[in-house]
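Consider the two complexes below, in which chain A is the common component and chain B and chain C are the respective partners.
After this line comes the complex of A and B, so read on.
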């Protein structure tokens, strides 16, 4: 039953994506940037999905520390991995855009730098997990690290913003103009990305739970 | 025994142990010296660009050398199961953490204050121009580095690849204070005092220190006891 729901969600996300891609291809080119501007339909939704993932990871980590329920640990690792993948997609799409508009793959601009720092922070979370064998210790330490990392995100973003900025001002909340009839595509894409993120997370969550069951059975077999 | 008295006892114990063996502080200072030497091959000290990035270079040295001290902080307690004894001792985890952080801070500051004149000589940097303000930046930057380093030293003490993991985990978190300290230090060694446009970095340093000291004191019990 749970599998069927997951497949259905996946199919819906795919349908929305295909419809969006076809629709976005029909839209006229942006006046100054040309076709590359349309990368924003993917670049921003994956960023928002990644941010959502880090918030979920924080909540899951706090809940693990409070309840010691391993479900929350599995959720934290699943959502962090998915968030990291989405942030990577954000960095890559941004890099492609930068190559076309700025002429360079990478510039040490405020948002690029903060995105990269956040990526490294959460990559550290996964590395920390890999280095610890004992499940309770791993879950506890990872949860503590996740809290440290989440607190650092706003500090990183603001301090790097003061350091320098050449990223285009946000199109949505920074006074930029986004055509009204383009908005539905953007919102649908947003939904598709969140759906894909959720499906990935649930899949990873199940893998983690199976893994824990395997570990438990292995220990049981050893103790007999 | 009050909380601060407990922390003081731990700090004094750590400093005494370190001063008897001198293993962390010697290796840290030697390492700082080696990096300073390598910098002199990489950058021409008489060029203006080197002067402009003096603060950055200095804090890279401090971050590297500091890691060596912070790595030892909890690892020192592993032989003879001293760490278990410390955790079982009738003091709170927060007092243990604060004591260790203070001891580490003093050691890190010592290495920094010895490296500073050496850096001044090697790189032809006039670090005495705004010394009181520079000292303030050193204290704030080092405290942030020490707090994060100490809590992560506790976090990584029992895991594989301890020495590698500590800098991998701490440097990304330390980017805001290191960036602030680098900006301020570069200005100060060039002779410009902290102005209204750079005071924001001082705020970053103070904010980071306050937030992470509080979070660390709150979470350290979880890290130590599990």
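After this line comes the complex of A and C, so read on.
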């Protein structure tokens, strides 16, 4: 049953994406930036999905520390790994966009740097988990590290408000302009990315359950 | 003879060519961006599938071993 729900969600996400890609291809080029501006339909939704994932990881980590329930630890690692993949997609699409508009692949401004630091922190979180053998200690240290890593998330979001950056002001909530008839495509793409992120997280969560079953069987084999 | 109108004509041809080049460059980078973004997600899915297969195999091997011991 759970598999069927996952497949159904995946099919819905794919249909939305195919419909959107066909629609976006028909849209005229943006007045100042040309065709490259259309990368916004992927660059921003993957960023929002990644930052939502880090918020879920924060909540799961806090809940693990409070309840000591390992489901929350599994959820935190699953959602962090998925968020990391989405943040990587965001950084790379942003770099390609920057190459066309700014003429450089990378600028050490507050938004780009804080996003890279965010990626490195969450990659560090996954490395930390690999380094600790004992499950309770691993989950506790990882939860504390995840809470610490989340400090960077508001900095990523508000950096373009707090400092003058090479990265432009937000298109949606800070003086930027986004054609109104492009909005439905953007919102549908946003929904598709969130769906894909959710499917990845559930799949990854099930792998954590399998990992726990494997650990239990190993312990059983050792005790025999 | 006044050549200003011809100069303008050549200027606009050059402008059109430059604009065409800029647009092609734009499309090229847009496709790079989209390919890379999807590639990352596809590679991640492949990693998950490989991990899933590995876990399944390890679990079934261990179960078989435990049954043998019993």
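Throughout what follows, the second predicted complex is superposed on the first by the 212 of 224 C-alpha atoms of A that agree within 3 Å, B and C clash if a C-alpha of one lies under 4 Å from a C-alpha of the other, contacts with A are read in each partner's own complex, and residues count from 1 in each chain.
Everything that follows uses one rule, which is that a residue touches a chain if its C-beta (ideal position, glycine included) is under 8 Å from a C-beta of that chain, and two chains touch if they have at least 3 such contacts.
Since the structure is predicted, the reported quantities are computational estimates derived from the model, not experimental observations.
**Student:** Counting only touches as set out at the top, which of chain B and chain C does A:141 meet: first, second, both, neither?
**Tutor:** Touch status of A:141: first partner only.
**Student:** Name the contact category of A:204: first (chain B only), second (chain C only), both, or neither.
**Tutor:** Second partner only, chain C.
**Student:** In this superposed model, does chain C or chain B come into contact with more residues of chain A?
**Tutor:** Per-residue touch count on chain A favours C.
**Student:** Which holds for A:162: it touches chain B only (first), chain C only (second), both, or neither?
**Tutor:** A:162 contacts chain B only, not chain C.
**Student:** Have a look at where A:36 lands relative to chain B and chain C in the superposition and call it first, second, both or neither.
**Tutor:** Once the two structures are laid over each other on A, A:36 reaches chain C alone.
**Student:** Just to be sure I read the superposition right, which of the two partners does A:97 touch: chain B = first, chain C = second, or both, or neither?
**Tutor:** In the superposition, A:97 touches chain C alone.
**Student:** Is A:62 contacted by the first partner chain B, the second partner chain C, both or neither?
**Tutor:** neither
**Student:** For A:152, using the defined touch cut-off, is the partner it touches chain B, chain C, both, or neither? Pick first, second, both or neither.
**Tutor:** Once the two structures are laid over each other on A, A:152 reaches chain B alone.
**Student:** Now for A:117: first (chain B), second (chain C), both, or neither, which partner does it touch?
**Tutor:** first
**Student:** Sort out for me which residues of chain A touch chain B in the complex.
**Tutor:** Against chain B, chain A makes touches at 65, 117, 120-121, 124, 127-128, 131-133, 136-137, 140-141, 144-145, 147-149, 151-152, 155-156, 158-160, 162-163.
**Student:** Which residues of chain A touch chain C in their complex?
**Tutor:** Within the complex, chain A touches chain C at residues 29, 33-36, 38-39, 42-43, 46, 82, 85-86, 88-89, 92-93, 96-97, 99-100, 196, 200, 203-204, 207, 210-211, 213-214, 217-218, 220-221, 224.
**Student:** So in the complex, which bits of chain B are touching chain A?
**Tutor:** Where chain B meets chain A, its residues are 148, 151, 155-156, 158-161, 165, 168-169, 172-173, 175-176, 179-180, 183, 200-201, 204, 207-208, 211-212, 215, 219, 222-223, 226.
**Student:** Would you mind writing out the residues of chain C in touch with chain A in their complex?
**Tutor:** Checking each residue of chain C against chain A gives 22-23, 25-27, 29-30, 32-34, 36-37, 40-41, 44-45, 48, 51-52, 55-56, 58-59, 62-63, 65-66, 69.
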